[in-house]
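My structure is below; once you've seen it, I'll send some questions.
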Amino acid sequence: MLHLEAVTRQFGGLKALGNVNLDVAKGRIVGLIGPNGAGKTTLINCISGLDHPTSGVIQFEGTPIHNAEPHHITRLGIARTYQNIRLFGRMTALENLLIGQHTRGHGSLLGAVMFSRAFRAEEQGMRERARELLNRFGLLPVANTHAASLPYGDQRRLELARAIATQPKLLQLDEPTAGMNPVETHALGEAILTLRDEGLSILVVEHDMAFIHQVCDEIYVLNFGQIIAHGTPTEIKSDPAVIEAYLGSSDDGAA
Amino acid sequence: MDSFLQQVVNAVSLGAIYSLFALGYALVFSILGVLNLAHSAVFMTGAFVGLLLVDKLHQPLWIAAPLAMIAAGFVSILLEFVAFRPLRQRGAARMSQLISSIGAALLIVNLAQLAFKPLWGGTEAYFPQGLVPDQPIVIEALSLRIVPIRMIILVIALALVIALQYLVMRTRIGQQMRAVAFNQRTAALLGINVGRVYVLTFFLAGLLGGAAGLLYGLVFLNVTPFIGDDVALVGLTAIVLGGLGSINGALVGGFLVAAIQTFSIAIGGSNYKNAVVFGLLFVLLLARPQGLFGQSESTRA
Amino acid sequence: MDALTQALVDILRPLGITEPVLQFMLVNAILGISIYLTLYTGMFSLANAGFMAIGAYAGVAATQFLGMPLWLGLIIGMAVAGIISLPIGLPVLRLKDIYLAIATIGFGEVVIILLLNFDEIISSIATALQGERVRIRLLEGARGIKGIPKSTETWMLFAFLALLMFLLWRLHKSRLGRAMAAIREDERAAANMGINVVYVKNVVFVMSAVVAASAGVFSAHLTRIISPGAYGFDKAVDILSFAVLGGTSTWVGPIVGGLVMGALPEVLRFLNDLRGVFIGLILLGVILFLPGGLINPAGVRLLLRRARRALRRRADAAERSSHAAP
Amino acid sequence: MALLEVSDLWVSYGMIAALRSVSFKLEEGQVVTLIGANGAGKSTTLNTLSGLLRASAGSIRFNGVEMIGRRPDRIAAMGMVQVPEGRQVIANMSVAENLTAGAHVRRDGRTDEELAAIYARFPRLNERRTQKAGLLSGGEQQMLAVGRALMMQPTLLMMDEPSMGLAPLLVKDVFRIIAEIKERGISILLVEQNARQALAIADYAYVLERGKVVAEGTAAELSNNPAILAAYLG
Amino acid sequence: DEEEPQMGQWEACADPENLPEVVTIGAIFGQSGNISVYGIPQSQAVALAVNQINEAEYLGEGVTLEVIYEDSAGANEQAIAAMTKLVEEDGVVAVLGPTLSSEAFSADPIAQENGVPVMGVSNTAAGITDMGEFVFRDSLPEASVIPGTVAQATEIFGLEKVGVLYGNDDDFTISGYDVFVAALEENEVEILDEATFARGDVDFNAQLTQLLSLEPDALVVSALAAEATQIIVQARQLGFEGPIIGGNGFNSPAVLANAGEASNGVVVGAAWNIASPDPLSVLFAEEYEEEYGALPDQFTAQAYTGAWLMATAIRCADSTDSADVRDALAAITDFPSPLGVFSFDENRNPVHDPVAQIAKDGAFAVLSAETAGE
């Protein structure tokens, strides 16, 4: 459903992405790993419209999106989380989820002014859905807390919930487990697998190899902006190029 | 076209004054990330204290000038303590810091006005003539006329920029200023006394602003509590044009504004000289939002 | 309505607030709403004074030159400002923060220069067309348009303000209102939530311009004369101070800020020479000692929290001593 | 006398008490690690030690000197240097400038030698000497933050999740660097989510849970403690 | 009054008898902000006049004239508020001011509606007194001053082509400009080019270089004092030696004092000038300088005269009824004052002889072929 062809992103003299070809099929969890500075975040930025490739094609369900605006891409069904959390800090957890549903609503200002029935019904529906999501991620108790004052772990989960609130078909996660301990990481992995089972496709960037092995169906390895390997987790684990560039000698793997 | 050279001279000498004012503005902005709109009051302080010393206390200029600059420096430090530090410590929005500087400016200007009345019987006073060389030098061959004090200001402005640039980019204190500018907490962890850096920055900016105000007074003789307002907008435009927070940018911005004004007048558009300035500013900002010399924000998603 | 106004003025009179003062306070409150809209969306725009000028001139042109009634002038003033704000907003709103502030200040200055030279521009166009020198005097440049009837009534201002407040309240409950807040918090993240940031910003910019223009029309029909100089940088900063004094955490803040800033110079008249000093002190004092402005629920909560913390500290101490015991 | 002795430390954010009577010790030359879940209070502890946060009660003795109430820059100059959580490199300065920004607190004057050593250890930083730090990738920034702290000639290095966001290869590097720093006789207080690796390198460990120390012991002891294993090591 | 010049020796009406102990009038001047450069000297001049009036018991034995001063800060809104307060709350008999014409257009209608006489002492814009029969001014509009000056200068200097420089964002300077242009056309003087500046500008080199490159016979300038000084100095620095013809704004002692030698050849047409040989004018200048340590300018002299005129009207009306005072004010003719012999015309505008003068060796002299040295 997501198809990248010869995507290149140049920053001045630096080629952050060079001729990247990548596919995410429906209902798959695709991992994207690679050394720091390899271009993973840049790739995600390009897919979500915050950045645009210098050349190449990005298609989502057949529609080219490499020059599209971010809100347009979200409407098509791509959502993401960020490497550094970007919640709406001075809004409550619930409000964050209402904003997540922005594209799925139609209510106009006029409707709000007229107290129209459609408006009220839609608001009601959005709130219900927001509560469902909060409940699902164990955030119901903090529904009315400002996002900025939530503990780190809650913020991560809220960000995930907010992405899901946009009702995406493809979810992009940029280092979702950063700052989590192995136990918490494992729990997150379970949650992500459930999402996949509900039909979501997922592109996940991670450094935690245990997590990658836990969730990924296939993995792309990026190094200096180039895809150097693509395969199943087992294939990747023993790929000498990947070991050389990324994993290091396999004596103690990763935690 | 024989007035072209003269217009170039005009633009340069006007630009020197604009730049001098803009420098202090830029210095504070580069450290605080906040516009100190009270810098125009600091500017006025320089002119005011200089005039007081020369006109009422009969001091020679070489005593009055440094004292005026230092007085302006202290007013600037006071601004830091009263209008900025409390807000910063509270983590208040940049906008409220901007407004508190407006409040402080209002206060200083009004206090100056209170002082003017008994001193000079109104709100207007004048430097005596002939304190500085203001008789033009005539270069017949080029039919050029150059007023020496204007050239002195030009030299001072250039020298100050070089000194400041050196200070900020090459010295330890400059490095500390930039670290503080990035993030106070991080700077403190690097062993930098953040409070001292702020005070120093404001003092330096005050010295610059005071010098600018004094020179302005000496060139144009006329001093009122409101002279700062006349340059505030121009100074603002200059630093934005040059790139906020860039010292070189402030200098170039000042000259650029002067040049645009001068040449739009020269081609008969005196009505629209400021419209041209803002029009170009507009276009520039759209093409290069960080200004000519400004750095784009080096942070990433 | 008039009786109500009169009663209100009678109550305020001891403070030095007469009916004209009340009227300008209400105009300020409208301006407060205008700047609140942009600030709430995270846009540091200072174009309000310029749009106020556009509203005032367009409105006066309608009532004065075309003999229209005030309400029609109001609509025309607002419409003209709205139409002009669109092409301005599209490019300018790409800027952020202080850059946006400067660009919008620049816009204001250009508006003033164009108003100052409007007659000359029209004249030279006419001259070019006619082939002989034509002098047209319409807006009268710096002389200003004089003899505008004082047709704004206090009840109109109250009614209009009430209408705006109702709309604001509904705006906050709407999808658009939430999108505005999201953009303020994090523009890029908001875009990734499917919010059309450019669209929302422009809508808000137009709304803000239209509201500022309405204030311009009303005040022009109070001051009887309008000249470009009244809508400059100082005015822009004034309007900003309404928002800061009142606080922007709720929409009540800028309204109260506008009312207070309108009243202060008159209430403090008895201070004579010290008036300016005091206004400076008050502005500074509020910013320093009342974080979040005069109207700030969070500030009230903070005060409550401080009180509770004092209690809490006692509990802490108790807990500590019980720890130390074993 | 221990190099660092923290006793009965209380810190709160407004209403929330983040640390409740935290006590621990660190001997000269040791690596001590604090482990704990999100929000347990690890960063709060480090920030209090480095003077960024104010304790409401308790004492922090460093070399026998009370540190509470001192300004962060004084504390750093006295040799307690923190590598902050989330990199915090100075975005608008070049890599080289970032490295020297804190060097003025060095007392031995060997700035240049240290700089050369750091470039040798992180060739990536050497390549990017003149690049603005803000444009580095997350991992590159982390290297820079560690390098910058070393430039400050620390006696005690306090690291807040140095491996966060790093590729496995670099995580190994970071722990290797920590080991090397330890070799040089610099004491380290390490906060890590990566508990297994932290314990592998540490001499002694404390477990923090909701602002309290709930367990302590040598690294070996804790690695074999089944409760700890289940909760933090997965 | 031959030997001892003194104000208030106008014998047109008898000593008043029916005035209360305190007669209160209002004064609205811009006393803060930019405009205070004019507003403060104006209020000081009024205070000086009122002191003299009370000392001389001009309003009758034991009657004191009190003034409530209000600051307008140059803002129309504040002028309206101040006027409302004075007229509706304080119940003043009459009002002096406000400083700016635009403020007058905003605030004077309130006085008109309430039937309280108001006298502008620095409003020169066209149409001020058209606001109603209670609106007066003692400030000569530029139209009454400039044409004479231009005609005289044209003849003496043989002007054929001039450059015009004016402030285009201020109603005072732009009104002056309008009149200059009309007068120049009248005298068949060619305008080579025009250039403008804005209030607060200090550097006019660009405009001057532009105008001077066309080699005009004279520069015609409509500016306020602060800008006027700079323009004169900078024009001379650029080597211009011809006459510089200015309007009311040039008429500040500061211009002479600060332009120094550069002011030689500056021609001023004005309602009042510090060099006026009129004994009352000389006396006023001395008294003002003694009291406030600064020299008065034209606006100051007009404010001073305004206070005397208002007091005279109250005296002649022998009543604090505003309508009576208005009638008495309108009836004043041939009143000796620093402005010369002063009358109101039927439109309540001032009538007195303006003076055209030329600066020579640091002082003003009446403009003539000799003083101009042609």
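Chains here go by letter, A, B, C, D and E, matching the order in which they are written, and residues are numbered from 1 within each.
As a convention for this text, a residue touches a chain if its C-beta (ideal position, glycine included) is under 8 Å from a C-beta of that chain, and two chains touch if they have at least 3 such contacts.
All figures in this text were calculated on a predicted structure; none of them were measured in a lab.
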item	value
Touch-network distance, chain D to chain E, counted in steps	2
Third chains touching both chain B and chain A	C, D
Far-end chain from chain B, centres as C-alpha averages	A
Distance from the mean Cα position of chain C to that of chain B, given in whole angstrom	29
Geometric centre distance via CA averages, chain C-chain A, whole Å	40
Between chain E and chain B, distance of the C-alpha-averaged centres to the nearest whole Å	36
Between chain E and chain A, distance of the C-alpha-averaged centres to the nearest whole Å	74
Where chain A touches two or more other chains at once, by residue number	41, 50, 82-84, 86
Shared-contact residues (touching 2 or more other chains) in chain C	116-117, 188, 273, 276
Interface hub residues of chain D, defined as touching at least two other chains	135
Footprint of chain D on chain A - complex, ascending	11, 33-38, 41, 83-84, 151-153, 175, 178-186, 207, 209-210, 245-248, 252-255
Touch list for chain D against partner chain B, complex	50-52, 71-73, 76-77, 81-82, 84, 88, 90-93, 97, 100-102, 104-105, 132-135, 148, 152
Interface residues, chain B side, partner chain D - complex	172, 175-176, 178-179, 181-183, 185-194, 295, 297-300
Chain B-touching residues of chain E, taken from the complex the two chains share	32-34, 36-37, 40-41, 44, 168, 193, 195-198, 200-203, 205-207, 209-210, 212-213, 226, 229-230, 233, 237-239, 254, 257-258, 260, 292-294
Interfacial residue positions of chain C with respect to chain E in the complex	13, 16, 18-21, 24, 112, 116-117, 141-144, 146-147, 150, 219, 222-225, 227-230, 265-266, 269, 272-273, 275-276
